[in-house]
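So, here's a batch of structures to check.
The same subunit A turns up in both complexes below, where it pairs with subunit B and then with subunit C.
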Partner chain A sequence: MLFYSYFKTLVGKEVTVELKNDLAITGTLHSVDQYLNIKLNSIRVVNEQKYPHMLSVRNCFVRGSVVRYVQLPPGSVDVELLHDATRREARGG
Partner chain B sequence: MAEEDNTVREPLDLIRLSLDEKVYVKLKGERELRGKLHAYDQHLNIILGDVEETVTTVEIDEETFEEIIKTNKRMVPYLFVRGDGVILVSPPLRS
Partner chain C sequence: MWKSAPQHAGKAVGKLTLRPPAVPKTVQYDPSSSCKREPCAARLLFTNMAAPGVDVGLGHFVDTTVSVITNDGRTIVVGRVVAHLIISGTLRGYDQATNLILDECHERVYSSKEGVEQLVLGLYVIRGDNIAVIGEVDDDKDAAVDFSQVRAAPLKPVTH
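So, the complex of A and B:
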């Protein structure tokens, strides 16, 4: 639940999601669920020349399993909070 | 209890002891990451800080059939990595 809770704190922030097919999408995080499925609003594709087929898409749902990376906005990463939450999770699991 | 905290009883303990340390992560698709470990869970979902990603690609020269190995590097301030791509996590090398 650690990352589900963490991503909920990022709702409304701009993130870049990199998929396993190398497509990278920047957008405003609208919501996230327990599978780390992600809904993004007002998206744009990072490399539009290479992936022009997404130009008309404004909002999208991304299945959690196809995500490779999520680039996080530096201002919303509280390192100490993450350490504490990780240690709690390690004890509990 | 403090003593118990530093013993490695199960594999994930090794990663717990690497929190806030620079780690090496090998991923599927010839990808490697080096960065500071800030969070992980039992799936090996990970958050790294000051990450250097290295992607290695091998191309074959059409005329000589020699393998040309290319590495692309980039830096990312904070990166969430989904656990299903992780092959191994190695603690920092101490000199």
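So, the complex of A and C:
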């Protein structure tokens, strides 16, 4: 739940989601749910020449289980706070 | 063999105290909080599953044309290597596990040698764990694409 609440703070930011099939999609983070399923608005696929499969798609839903990485905008992470929260969760809240 | 039930099973053990079920507390990341170092009650918020007003489900996809990228690669057309399924159709229903019911489906088979081939599939139910991406199709944009000219290698299957 820590990373769920963390991702919720990123709503509205531009992120790039790299999938486990090597497709990378950049878009505005619209929402995230408890499974870390991600919804992106106004997307574009990185390397559109190679991957024209989503040319006519503007908004999409990415299943959390196929996400490999989420590339975040620099400066949107308070590392110290996240570090602190992670430690507290490891201690059991 | 089944283990025999513990001796005290079914009997009252000690003094029974009734208390409300424990509400699970979860640690939250909340940059708006002012305190930084010491653990602070304000940051140990109860988790609300969805922010109000934000649609996290798939409800808004219902009765729209969607493009689904599935996890599995499989050969659809004889003589073509592992084709990745891209299915478009009208979404009729969904559930928590992202299982989908799609009507008027067709598959787009991408190839680096020739244009996109469209295969008619009809009504499909796709199990959620096979789904990678569900895209909302802009019908005007989709109609403008000349798929006979699109050349692309099929997508790779998802490897976990």
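In the analysis below, the second predicted complex is superposed on the first by the 92 of 93 C-alpha atoms of A that agree within 3 Å, B and C clash if a C-alpha of one lies under 4 Å from a C-alpha of the other, contacts with A are read in each partner's own complex, and residues count from 1 in each chain.
The rule is short, and it goes like this: a contact is a pair of C-beta atoms (placed from the backbone, for glycine too) under 8 Å apart; a residue touches a chain by one contact, two chains touch by 3 or more.
Being a predicted model, the structure only gives us computed values, none of them experimental.
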{"item": "Side-by-side fit of subunit B and subunit C on subunit A, or clash", "value": "fit"}
{"item": "Which of subunit B and subunit C A:E89 touches, first, second, both or neither", "value": "both"}
{"item": "Which partner reaches more residues of subunit A (counting touched residues only), subunit B or subunit C", "value": "C"}
{"item": "First, second, both or neither for A:Y6, with subunit B first and subunit C second", "value": "both"}
{"item": "Which of subunit B and subunit C A:Q71 touches, first, second, both or neither", "value": "first"}
{"item": "Partner chain(s) touched by A:Q34 [first = subunit B, second = subunit C, both, neither]", "value": "second"}
{"item": "Subunit B versus subunit C as contact partner of A:N21, first or second or both or neither", "value": "second"}
{"item": "Overlay on shared chain A, then closest C-alpha pair between subunit B and subunit C (Å)", "value": "6"}
{"item": "Overlapping contact positions on subunit A, where the subunit C interface meets the subunit B interface", "value": "2-3, 6, 20, 65, 82, 85-86, 89, 93"}
{"item": "Subunit C residues within the subunit A interface of the complex", "value": "25-31, 33, 36-37, 39, 43-45, 47, 49-51, 54-58, 61, 67, 69, 71, 84, 86, 98, 108, 110, 128-129, 131-139, 141-142, 145, 150, 152-153, 155-160"}
{"item": "Residue ranges of subunit A touching subunit B (in the complex, touch as defined)", "value": "2-3, 6, 20, 36, 64-65, 67-74, 77, 79, 82-83, 85-87, 89-90, 93"}
{"item": "Contact footprint of subunit C on subunit A as seen in their complex", "value": "1-6, 8-9, 11, 19-23, 25, 30-34, 37, 39, 43, 50-63, 65-66, 78, 80-82, 84-86, 88-89, 93"}
{"item": "Residue ranges of subunit B in contact with subunit A within the complex", "value": "12, 16, 19-20, 27, 38-42, 45, 47, 49, 76-82, 84-85"}
